[in-house]
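Both of the next two complexes hold subunit A, though its partner changes from subunit B to subunit C.
This part shows the complex of A and B:
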């Protein structure tokens, strides 16, 4: 009787398992579907908060991770693929945040404000790209550092744009002049944007453009001999990184609805850099993991555990960067691969042992 | 506008290139015919690599003309072509120290060679349009063919980094074939290879010439290799033209012997 019931249950589950297995095969093939699935899972976070499974504040923490994943993806294209260095990232994030607030305050609709912000920041980004044609390596890092500092001073001093230390307030976006978003729907907007930016990065880096960027980063002369125009692709790399950072800033303003000038400093830039390096150069999911490890882990757990010590997050990320660079120079994402390998080794080990026992028994018989 | 003999693919006329006071190339003239392998030889510091860099426009301030019969059978003065457009005309080169992207699979390294042939733009790549997908597949198949021809198709998905030097050299040459070249310039293709690999390479270079209907200009120090592969050899010393002839005649040419071995004192 019991086996009969179990059989009918398993009969019922079999097609579901079959479908899941089919989907698993598909997932392994297509990165696009993985991004979508990942986005759907993330979009469930506000729902969890509504059901009181996680805290209300956790949602805004995850939002921060999503926003900075976008920013870090941009820096990953610049650093990982084209091998160029920028220390002005935080400035562009800040510019995106202030820009969208400013243009909205002029009475422009949300979408137009975004467009205007993106256009202006891409002009600035292209300007830095032009500059990068003349300077290399460390010198480029220093000059972009100066750009970041200029931004940071603008945020503090130019009152008509940023309201100086008072900061500026914003509201949840009104899409197409019709759909008023609230906290949860804005969060979903962030996730959709992140998935979109992952798509763009994946398609771009797996095309001729990505290969050209990589060829350029390894050897300028070899790339030129293959027909890659250095000036075009350097400009492009800076343009992409700028757009990603600006979009991150715009989403920051849209979700947190308050922008203040002191956030966009070198410290933030270095943290974003750490996210890319720790997570995994050239890896999309690795970047997310990097953001989660550098920002999420300290603010989710460590700060509570060590509430008596100030700045434990920075200590944590400092130690982590050293460890990762020592053992995982290509990023945290490879921990997953190593665990997989270990798992298979373990599994094979158990099977081998079983087989040996079997052989022994058979031999004895 | 420019005149070139029907059978000639590249003609260098009165090429001069100096670095400060040093004349690295001094009034050099020679030509390469269709479907021909030409070797450029000379003692160390003769200016061979400088000639290569002048032809492929890596050096700007040079005198003289470099006429080239491009893919459309038009005659262009390469001095008027930007360094990253030289490949579009049908002239492509390799490097002495290979210069591949080590963290890309071998096949993707070949696709870099097809960079100039892609017609779809960045927008269609981002949107992953049907046209861009088809184009990608087309070039991947082409890369497959070339890898098969080079005998390294089996390892095409492996990273280029960490491959033995002989394989890296092959990838470098395979990459040039992606762009449908009319003239390939090889900078020391046999350097760092052992004897067996060198023999393999000489067969390969000759079969590239026959199969892909292109001319090849190469610089090499391994004289045995040069004599075996080349149809004609151009010898230079201190940037000056010495002689250009078939391998046998170059070998017995007294001026060339003098440049390599020194002058008898008596």
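This part shows the complex of A and C:
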């Protein structure tokens, strides 16, 4: 009986494995293919929920992970590649969410409201970029924190824009004035945006721009001596990070359809920062893993495991962050390399032992 | 005129709280090379200890505060030995994330041990007819005088300690270059341990001073934490007295703008002014520009 079930399961999986094997060479060569495959796999999540394999609420959770992967990717470009620090990320995410809702409420179509929000936030991002030309290091980090705080004051006080503490409601987006999305299709929109953002980041960081940013992060003076324009690339880095954060916010509003002012605080900024550092600086898939560790693990398992006692889930997720940073200071993505090493060690160990036994037998003979 | 004076007095009170928190932040920044985001949370945790003892066992506030100071020192020791020292290989951003992890752990510990209800906390002196004086037409309670006095005394004591004792010298040396001072025989480990303990006590004191305004609850230090950071940037991270100066300036400008210009936007206005100031003086009021040789 058991073998029969196993056989049917393997029959089901065989074609998938075959296709994967066919694409294996291509996947190893091209990161783009990997992003697309990853996107397709993620896009299956609503289907799984429809088939009752996973819970309905898990889709929202994965959506949150997808949205904050986009935000964290932006911060990763800023922090990982250009070595600049921003503590105002949450403010920009909030601005994106509120902006798209506000412009839609004026009667503008979805795409135009996105465009308007992006234009305004990129202007603010450029201002911070200009600011970063004079202020450095920890002073810059705390100044961006000031920007985040100003945003959070605006969210609380400007009633016509944010409806203060009441929050604003939104609806699932209507694409191009024709296609009305629902929960599942909005989720797919999020995944498509994430894959697109991964593409942009990969292409950007593997181009002249990426190399210039990296040179800048090592040493400003040397980069300048090599002909890298510091002002241009700093502005660019802040612009990109701002746009990523704003896009994350826009998608947040589109999927959750409710924005309230108290979410966009220093704590969220620090969590986004943690996603980047825990996952792996400069690594695209690492960022996703980081978001998963910071947000997914606590809400998927820890909260349920320790729901009986107040706050214990928090203790575990805090300790998890600290432990990951201590043992993987360059990012959790290196856990994959380490397991590979361990696997090879193990394999070699077994082979060695076999050879030894063989030798022994041969010697005895 | 009396309004102006009472505004100044109130600013001195809030400024003292900011200054205590900011001193903790800058101490840890100089010795452990990280911005400690958990400064406020450590204070909140120990304020919860104080408030719980006060409410459950009925101790007076004068007995409770020393107990909280002791637990603060213990928290500082624990955090340094368990989390910060083993992470010496971790970069500055990684250390910041460790302090974030600490915040999350503390957020978990508080409801687990002390419950979810905010706990009320009395002032050192109640604001009654007998416990207040007229100062140039402005009314000031004994509590405010006590708070200002204690904070200024503590800060002066710290500065004296830093300047005239051997341990103070060790702290300053470690702050300027940890590797070199280790090579010269300075016990840098003990120095970091001490600075974490001191920072924790200062944070706790700030939390206990603020607590009576609302009640002891998890989010009570958020605002102070952020203002302490701004005080550090405004004053400059290079000196120990810069942040104190910054703290009083921020408190004063907040109170004055909220009374004379706009009460809703005073915080925003002050933050914008700080940013404009930093644009022209990027290392703070008394900071020195660190020139890196190529």
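Keep in mind that, in the parts below, the second predicted complex is superposed on the first by the 335 of 365 C-alpha atoms of A that agree within 3 Å, B and C clash if a C-alpha of one lies under 4 Å from a C-alpha of the other, contacts with A are read in each partner's own complex, and residues count from 1 in each chain.
As a convention for this text, a contact is a pair of C-beta atoms (placed from the backbone, for glycine too) under 8 Å apart; a residue touches a chain by one contact, two chains touch by 3 or more.
Nothing here was measured: the structure is a model prediction, and the numbers come from that model.
Colleague: Examine A:219 and indicate which partner it touches, taking first as subunit B and second as subunit C; both and neither are also allowed.
Modeller: After superposing on A, A:219 lies in contact with both subunit B and subunit C.
Colleague: Would you sort A:361 into first (subunit B), second (subunit C), both or neither based on which partner it touches?
Modeller: A:361: touches no partner chain.
Colleague: Identify the partner contact of A:207: answer first if only subunit B is touched, second if only subunit C is, both if each is, neither if none is.
Modeller: After superposition on chain A, A:207 lies in contact with subunit B alone.
Colleague: Name the contact category of A:229: first (subunit B only), second (subunit C only), both, or neither.
Modeller: first
Colleague: For A:157, decide between first (touching subunit B), second (touching subunit C), both and neither.
Modeller: So A:157 only meets subunit C here.
Colleague: Mind sorting out which residues of subunit A both subunit B and subunit C touch, each in its own complex?
Modeller: In subunit A, residues 219, 221-222 are touched by subunit B and also by subunit C.
Colleague: Could you please specify the touching residues of subunit A with respect to subunit B in the complex?
Modeller: Touch residues, subunit A against subunit B: 199-200, 203-204, 207-209, 211-212, 214-215, 218-219, 221-230, 236, 282.
Colleague: Quick one: which bits of subunit C touch subunit A in the complex? Just the residue numbers, please.
Modeller: Residues 29, 35, 37, 83, 86-87, 89-91, 93-94, 96-98, 100-112, 115-116, 222, 225-226, 229-230, 232-233, 237, 264-265, 267-268, 271-272, 274-275, 278-279, 282-284, 292, 294.
Colleague: Spell out the part of subunit B that touches subunit A in their complex, as residue ranges.
Modeller: Touch list, subunit B to subunit A: 56, 58, 82-88, 92-93, 95, 99-104, 108, 111-113, 115-116, 118, 122, 125-128, 132, 136, 175, 179.
Colleague: Quick one: in the complex, what on subunit A touches subunit C?
Modeller: Going by the criterion above, the answer is residues 79, 85, 131, 134-136, 138-139, 141-143, 145-147, 149-150, 153-154, 157, 219, 221-222, 265-267, 270-271, 273-274, 277-278, 309-322, 325-326, 329.
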